[in-house]
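Structures incoming, each one as C-alpha cells.
One chain, subunit A, links the two complexes that follow: it is found with subunit B in the first and with subunit C in the second.
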Partner chain A sequence: MSSKSLSPISLKRNRSRLWNQVTGWLRNPVNLIGTIGLLFLTYTIIWPVVEILIATFVWKQQDMRITAAANPGHFTFYHWQRVLASDISSSLFYKPILHASAVALCVSVISMVLGCGLAWLVTRTDLPFKKGITFLAVIPYLLPSWVIAQAWLTFFKNEKIGGTPGILQSLTHISTPDWLAYGFVPIVASLSIHDSVYFFLLVGAALSSMNSQLEEAASMSGAGRFRILRRIVFPLMLPAILSGFILTFTRAISSYGVPAILGTPVDFYMISTMLYSSMRARLTTEAHVLSLMLMLISMLMIYMNHRIVGRQRSFVTVTGKDSHKTVMPLGRLRRPLAGITVMLMTLVSVVPLLILLLQTFMLREGVYTADNWTLHYWIGGSVSGINSGEKGVLHNPIFLLALRNSLWIAAISSVIAAVVGLILGYVAARGKQTWIGRMVDQVSFFPYLIPGISLSAIYITMFAKPHFIVPALYGTVWLIILITVVKELPFTVKAGSASVMQIGGELEESAQVSGASWWTRFRRILLPLNRKSLLSAFLLVFIGAMKETELIIMLVTPRTETLTTLTFEYVEKGYTQLTNVVLMIMIAIVILVYYLATRYGKADLTTGIGGQ
Partner chain B sequence: MPEDAIYHVFQEEFMKNGSMNHQWIKPAGLLSLLLVPALLLSACGNTGTEAAANGQAAQTITTNETADQLYAQAKQEGKVVVYSTSGRANDAAETFMKKYPGVKVEVSKVKSDEMMDKVTNEQDAGQFNPDVIITKEVSGAVGKEMVEQGRYLKYLPDDIAPKVDEPYRTKAPGYANYAEFRTIFYNTDYYKKTPVTNWWDLTTPEFKNKIYVADPLSSPAFMDLFTTMVIHSDDMAAAYKQKFGKDIQLSGTENAGYEFIRQLFANGLTVLKGSDDVLDAIGKTPSGAVGIAVSGDVSKVEENGWDVKPIYDIQPKTSVADSGYLYIANKAPHQAAGKLFIRWMMGEQDGKGEGLAAFNEVGSWVPRSDVKTKNPIGFEELNLWDYDADTLYMTSPKVRDFWIQQK
Partner chain C sequence: MNAIELQGIRVDMGRKSILKGIDLTIEQGDFMTFLGPSGCGKTTLLRTIAGLQKADGGTIVLHGQEVANGETAYHMDPAKRGLSLVFQSYALWPHMSVYENVAFGLQVRRQSRTEIREKVTAALEKVRIADLAERYPGELSGGQQQRVAIARAIVTEPQVLLLDEPLSNLDARLRVEMRAELKRLHRELGATIIYVTHDQQEALTLSTRIAVFFEGEIVQLDRPQVLYRRPATLQVADFFGSGGMDTNHMGAELIAADGGRVYLSSPVCSFPLEGITLTETMPVILTIKPEHIQLHRSFVPHAVPSVVEAVFPAGAETLVKLMTDGSELSARVLGDAEYSCGETVYMTLNPEYMNIYNRDSGRLLTDIRPVMPIREMVRA
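Entry: the complex of A and B
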C-alpha cells in the first residue's frame, strides 16, 4: 500500500478531498435523491433478487427428491443445468419461453397500435366524446385479466373442451377452429385488450403535452400528414412508446391467469404457467431459476430500449414558453370514426362489465326467466342449497372490514406509489447519463418479474422482526402497502421518467437561479407539470391494489383481510355470482375514484397539460 | 449557490453526530449510510440456522383436556387464529362462535403450499400467528417439511381417538377431518351405467379424445393420483392383464404406471384448468366424454346443473385419498382455543356436534366410526390406495418431469 509514504497530514488532506468530492457529488439533487432511492430499491428489490439468485446455486433439503446427488447446503449448478440443459429443458424451459416471448412481443405490438392510436385520437384530434372514450379505455384494465379470457371462451369455445358450446358456434353452427378458441391467438387478444391501457396512458400523457407548433411548422414547410407523424410526432413520443412497450412486454411475458385458462386445453404452456407449477410442486429453486431467466430476458429488452432511446435524443416538449395546442380536424371522418371507436370499445369494455353485473342478479347462471332475478347475492341471508348457504356479500361479516382495508391500502399505496414513482422517475430521467440514473431505471423494473409468491415470502422474513431501522411491518397493512408500492414501481417509475423527460431543464434552472430549493422546485414545478402522469400512476396503482391477490394472500393476516382475499375465497369455491358482486363493488369504487380524480384533480387526460 | 433542503437536513444530521473532528465524523456518517443496506442484508441472511433449531424443539401437546376445561382457558385467550385451505373452516367458525361465546375465530384462507412457506417464514422469524392449521397434503411435503419439523403438531383428543378410523388414528402424520379423492365422472344423461370399470379403459379407442383432467401441473393433488399409479405399478400391470388378457408391453417407459400416463396422452387427453372446468365440460350437455375430477365436487352438482356421477369402483384401485388435516401450529398463541375449535370441527366427543356438518358432506368422508356418512358407500368400502407420503414425496417430482415431457 502507498499509505506508508503518506504523512498523516496528506492522508487527512486526501480524505478531505474525497469528502469534498462526495459532498459535491451529493449536492446534485439527482445524485442525492438517487442514492436514497437506490438504498430503498436495494433493500426492497435487489436484496430479494440476490437472495433468489444465491438460492439457485445451493442444494436444498428438498432436492433429495429430484436427485440422489443432492448435498444440502453445498454449492451446485444442478438447478441451472436442469432448466437449461437437461432432457426436460425443452418442455420445461425452451418451448414455454418461446411461447411466452412470442405472446409478449405480439401483445406489445398490438397494444402499441391500439393504445397509441386511441391516445392520438383522444388528444390530438377533434373527435367527439373524448371524455367518454378515455373512460372506456380504462375499463378493460379494471377487470381481472382472467375475466376477459373467460369471456373469450364463452364466445369462441368449441366442442374441444365440451360443456355448453360457445355463442359463436351456437349461432352459426360452424365449429370454431381450435386456433381461434385456444392457445396463442386468444391469449394475445385477451392480454392486448387488457394491457393496451399502459400505452394509452403513457403516450396519451406525452401527446397531450406536445406543442402543436412543431407540427404546424412542419406543415407550413410542406410536410405531409404522414411525414409529420413519422418525423416529428413519433420521435417525440419514442420514450413513452418504448416505456409502454417494455411494460406491456414484461406484463405479458409473466402473466399467469390468461394462459392458464386459454392455453392448457391445447398444451400451450408459457414460462409463467411452468413457474406456477414448479411453485405448487414445491420445486421452489426451479421456479427461481425460471423467474431469473424471465428477468434476464426482460433486462435484454431494457438494454435494447436504452440503445434505441440513447441513440435518438429525447426531446423536450414542455418548455418555459406558453405552448399552444390545436387539434387536428378529422373532417368528414369525424363522426364515423367516433362511432366505430365507441362501438368497439363498448364491445370490449362495457359488454363484459354488463354481463358480469347481470349475472350478480341471476339466481342461476344463464337462466333468463323472470323468477330467476334476485338480490340474493347482494343482500341475501343464508339459504341452504344456494352456494352451500353462503350469505350475500353485504351480509358477510368480514365484508366491511375487508372493504375498509382495501380502500385504505389502495388509497395510501397509490398516492405513495405515484409520488415515489415520480421522484425515482426524475432520477432516471435527469440522471440518464449517470450510472445512478440507469441503475434506478433498471432496478425499478424487476418487480413485475419476481413471482409475487417469492417476493412476499421473502418479505415475511424481512419484515417479521424489526431490523435495524426497519420496523416489524408484518401483520400490519403497512407491509401490504409497501409491497404494493414496490410491485407497481415499474409502471410508476416509467410513467414518471417519461413525463419528466419532456419537461425542459430550463424551468428548473430558472427557479434554481431565483433561489428555489429542490423541494420547492419539485413542489411548484415538477408536481403540477406532471399532474397527468401522476394521475395515471395513481389510478393504475389504485386499480392494481384493488385487484391484487397473489401478492397479498401470503401477507394477509385475519386483521388485514381485503376485498381481494374475499374474492379469492369465492373463486376457489366456484361462487361465480358472489365473486362478481365483489368485483362490481370494486369497479364502482374505482369509477368513483376516477371521477373524483379527474373532476377535482383537474387532470383530465383529454385536455392539455395542467388542465388547460 | 442555492442548495437543497434535503441535503441540508442530512448535513445537519451529520453535524450533530460530529463533535471534535468534523473531517473524520462526516465520512463515517456517510459510510454508515452506505452500510445500512449491507447491515440489513446480513441481518436477514442468518435465518437458516434458526430453522434447524426450530425442528429440534418440537413441542408436544397435551390431549387429555375436556371441552369444558378448554373453554375456560379459551375464554381467557379470547380468540383463535386459523389458517385454512378450505372454506369449510368459515362454516364451522360460525357455529363455533354461537356455541362458545367469548372466543372469536379468525380464518385466513391460503393454499396449502403457500401456507407452508408462510408458516415457515413466520416461525423462523419468531412470529407465531396461527393456532389451527387446516391443510391438504402436497405430495407428502406437508408431512415431511412441516409435521416432521415440528411446525405443525398432531392433535387427537384422548376421548375421541378410539372412534377415529385408521390411518388417521395412529399411522397418518395427523388427524384428517375429511377425505376426498380424484375419480372418474361420467354424464348420466348419456350413460345409463358406469362406462368405466378399469383405469385402462381410458386408453381404448372408445374414449379417444374424450377424457378430461384438471391440470396436474398446477394441482399437486391430481399429480398425486398419477404418482400413486407409478408407485403401485404392479397393481396397474395386473389391471392391464385383467382388462386385455395379456401382459403389458412397455414402450420405452419404466413401468406400468408411466405407461398408463403415456397411453392416456396418446389417446388424446385434454387438460383443463380446474376440477370445475372438467365437470363443466362433461356435465353441462349430454356427452360421451368422461373426466377426472375431485369427489368433493359431488356436493356442487345440483347447484351447478351438472348431470354427472362419480365412479366409486375402478380397477385396480379407485384412487388415493386426499385428506383435509387438522393440526395445531407450533407455539400456538391461543392453544386451548385452537384445541377447542378442532374438537368442534371433529363433531365433539359424540360426533354429533354441529361443527362437523361442514365436513360431513356428499363426496367427502369423515373418518370416524360413530359418524354416519352421507355417501352411498362407506369410507372402508372405497377401494383406495394408501397415501404413502414418504414415497410420494420422493417420487412425485420424477412423475411430474415425465408428465412435462409428454407435452
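Entry: the complex of A and C
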C-alpha cells in the first residue's frame, strides 16, 4: 500500500490502533496511577514553585508604598535586587545566609562524627547495653528539635533578655556569658544533638547490612585494620554518610525553631528566621526570594552528592540472606566506653527532658524551695498574677483544641502519606523502565529540596483563595494535612518503592494471570506484604507531624492551633512552665505511639529516614 | 481446532529485538516445549502468549479468538485469556497458606465457598499434597512449593497451561521425579501445555513437540525423536550435544567421483552417498553422537583403530575419549567398561546416525543418505 493514499479502511484501522494504544497504555496501572500521581505532584509541588518564581519578577500593589517606580503587574528585577544588592541586603540576606551556612556546616560535621562513631560502636563492636543505647539515641529524634534549645535556655539563660536567669546562674551566681547562652554555639549544639540521630540510623543501617566477610577477605589479603577501614568500609559507607550529610545540612540550614529561640533574642538571624519575620512584616515577595535562594542551596547540595557518589549509590544493597557478622572486641575499653556512651546519651536525651519536667512544677522559675512546688500549670485555674491569667494546661480550652488538632492532623496525614507513598512508590518501582515511573520518582523527591518554611510561605499565597475545584484551604486543618503529606513524600515514596522493589514482580503477575484486577492485587498481595513498611512510614509521618514546627508555624490560625504552635506561642510570651507542660504531653504521646508501633507493628524508623 | 496460532510475533525491548517474527501453531493437547539457551527469547514468547508482555508485531489467536495484534496494538488482558502460568520462581504468595494460594483464582472469579473448597481439594490431590493445605509457602520444601504452584495453575481448569522453567530450581533427584509427575498431569488434564526449558533431556522426555530457539527465532520445530536424530543446524546439534551428550564433529568432504556417484571422505571413514549430485568437491561437517560409536577390543571389518585418551566412568555408562588421526572423538559405552589410557581400540561408526552439514551455512543436508547396504566402508 502506498503511504499517500489512505483508504477509509486504513483510516479506521489507524484509529482503532490509536484507540487500542491509548486504552492499553492506561490499562497498565503504572501508567494510570502514574498519570494521576503526576498531576497531583504537579499541582502541589511544581506549579506553586513556578508561580512563586514568576511572582518574584512582578511588581506588587504594596510596592507602590515603597517606591514610585512600581508598576503593579509588570515585570521587574526590583525584588531580587532588593534582596541581593541593596542597602538592606546585608541584614536581609547576606548575614543570615552566612550564619545559616556556618551553622549547617558545623552541625553536619559534628553530627557526622557523633553519629558515625555511635553507629560503629553499636553495630561493629561488642559494646554492652546496645539496645538501651539505641533507644536513648532515638529519643532526640522523637522530640521537636527546639526542645533541646528550650532546655538549653532553661539551663544557661542569663539576664540579657529579662525574666528569670537559668539554672546555672541561679546556682553559681555567675552570669552566663552571652556566647554560651545565645547565638551560634547553642544553636549548633542543639541542632547537632538532634541531627546526629540521622547519621546514627543511616550509617548504622548501612553498616549492619554490610557483610563482614568483606572485611575478613581484605584481612586475609594482608590488609591492616586501618587499611580495611579506609579501603573497604569507608567507600562502602560513603553513600550513607553523604546522604546523612546532605540530610542534616539541608535540615539545619532551614531549621526555624532553634534559631528562633536561641538566635532571635540577640539578633542572630538565619535565613529561616529572617524569612519568617519578612513574612510577618508583609515583605512577602522578598520572603519568596529568600525561599528560592534556600531551595537553590539545597539543590546544589543534592547535585554535589550525586556527582560525588554517582552510581556508587547502588552499593548499599540489602540481600535476602542474613550476612554473617563478627564484632570487634573492645577489650579493656569495653566497660569504660559503655559507661561514657550511656552517660553522654543520658545527658543529651534524658536530662533536658527532666529539666523541663521539673520546671513545670515550679511556681516561679529558678526558686528551689519547698513552697515553690505546684501543680498550678497543669491543673490550675485562671490567676491574674500568673502568665496574665492563662489557665493551667489541662483546664485550658485552647490546649484541648490544640491537642485535638494535633492528633487529628498527625493521624490523618500519616495515614494518607503512608498510603500515597506506597502507591506512588509502586509506580516508581514498577515503572522504573518507563518515563512516567522515573518522573514520579524524581518529582516526589522534589519537596526534599524545598525547605519547610519556604514551602509554607508558598502555600499561604497559593491556598489563600479558591483554585479550580480546590476551595480556599487557608485556615482549615486540611491545608496543614496537605502540606505535611507533601513534605513527607520524599521519605514515604522512597520507603514505598524500596519495599515494593523487594516484592518480586512475579507475585503480582501470577495474581494477574489468575484474573485479579489491580485493586484486588493491591489489596490482597501488595498491602499485606508491605505492611511493615507501611507502618514504618505511618510512624515516621506521625512523629514528624506531631513535632512539626517549621512547616506549619506560618499556616496556623487560632482555629487550627496545634500543640507545637501553641508551645511556640507560649515561648514567645515567656510562659516557660506552660510551654514545658505542653511539651511534656506532646512528647509522651510521641513516645507512646513510637513504642506501640515498634512493639506491636514491628515498624522500623530507619526505612524511611534515608530520603535518598 | 488449533489451540494456539502465532503469526509473525515480534517483541522489541528498547533497540534490541527479542523476538524476530515467530510463526507457530500448537495443537490442542500438545505438550510443546520451547528449548534454547538463556536469552534466546523463549521466556519472552511465553510471557507474550500469557499477555504479560505486549507484542510489537504479529497476532496471537487462542482457540480461534484473537487475543493480541501488534498491528492494531490490541492486547487482551491476561486474566481473560483463559490460561495459567507457573513461574520459574513459583511466585507463591508468602502471606497466604497453601489453601489460600490455590483458592485465590477461584475467589477472584467469585465462585461459591463450597465449590472453591471442592476444587482446591481436588487440585491439591491431583498434585498429591492434600495434607499440606494449611501450611505456608515458607514451611515447604522446593518440590512441595513446585506442586503448590502447579495446583494453583490447574485449579481454574485452564485450556492452556504455561510452565516457565518450572524444574530449574529443584535438585537433580527431585527434577527427575517431577518430570514423571508432569507427564502424568498432562495425560490426566488433557490440557495444552507450553513448557519452557533450557534442559535438553527434560525437553526430550516430556514433549510431544519441541521448538528450538536461537536469538529470537525458531530454528527447528520437530518431534523429540527427529530433533535428536536430525538436528537441523550445527548450532542445534551442538546445543543438544552439550551437557554430557557431546556430539562429535569432523571436517569432511563430499567428492564427486566418475559416474556421478558422490562419496563422503573423512579422516575416519568414507562411503558412497545418494540423493545428491555434485560437480565439485564440497566441504562439510560430519557429526555423530558418542552413543553411536561402537568400540571393539579387536579388529572387525570396517573398524577404525584409535587410541584411548581418557576414560570417564559414570556408573551406568562410560565415556571414552579417543584419538584417531589427529581428530578427537568421544564414544559412549554401556556399563562400567574398563579401558586404560594409551590402549588401542577399534571403533565402528554407523552411517545411519551420521549427519552431514554444509560447512559454510551450518545447515543439515537433508536428502543425503548413505547407499544401502554399505559395501565399501574403507579407511581413507
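Structural remarks
Rule of thumb we're sticking to: the second predicted complex is superposed on the first by the 329 of 612 C-alpha atoms of A that agree within 3 Å, B and C clash if a C-alpha of one lies under 4 Å from a C-alpha of the other, contacts with A are read in each partner's own complex, and residues count from 1 in each chain.
By definition in this document, a residue touches a chain if its C-beta (ideal position, glycine included) is under 8 Å from a C-beta of that chain, and two chains touch if they have at least 3 such contacts.
Just so it is clear, the model here is predicted, and its values are computed rather than measured.
Residue contacts after overlaying the shared chain place A:L53 against neither subunit B nor subunit C.
Once the two complexes are overlaid on the shared chain, A:V351 sits clear of subunit B and of subunit C alike. Partner contacting the larger number of subunit A residues, of subunit B and subunit C: B. In the superposed pair of complexes, A:R17 makes contact with subunit C only, with no contact to subunit B.
Contacts of A:R27 after superposition on the shared chain: both subunit B and subunit C are touched.
Of the two partner chains placed by the overlay, neither subunit B nor subunit C lies in contact with A:A69. Residue contacts after overlaying the shared chain place A:G515 against subunit B and subunit C alike.
Contacts of A:I340 after superposition: neither subunit B nor subunit C is touched. Comparing the two interfaces of subunit A, the one with subunit B and the one with subunit C have residues 16, 18, 27, 512-513, 515-517, 520 in common. Those residues of subunit A lying in contact with subunit C across their complex are 13, 16-18, 20-21, 24, 27, 504, 506-507, 509-517, 520, 524-525, 528-529. By the touch criterion given at the top, residues 12, 15-16, 18-19, 22-23, 26-27, 29, 32-33, 39, 42-43, 47, 50-51, 61-62, 64-66, 87-88, 91-92, 95, 160-165, 260-261, 264-265, 267, 269, 273-274, 276-277, 279-283, 364, 385-389, 453, 457, 460-462, 464-465, 467-470, 474-475, 512-513, 515-520, 553-554, 556-559, 561, 565, 568-569, 572-574 of subunit A touch subunit B in their complex. Within the complex, the subunit B residues that touch subunit A are 2-7, 10, 23-24, 26-27, 30, 33, 36-37, 39-41, 43-45, 47, 81, 87, 90-91, 106-111, 113-114, 116-118, 121-122, 124-127, 129, 138-139, 141, 145, 212, 215, 217-220, 223, 270-273, 276-277, 280-285, 287, 289, 299-300, 302-305, 393-394, 396-398, 400-401, 404-405, 407. If you check the complex, the residues on subunit C that touch subunit A are 50-52, 54, 71-75, 77-80, 83-85, 87-89, 91, 93-95, 104-105, 108-109, 152, 156.
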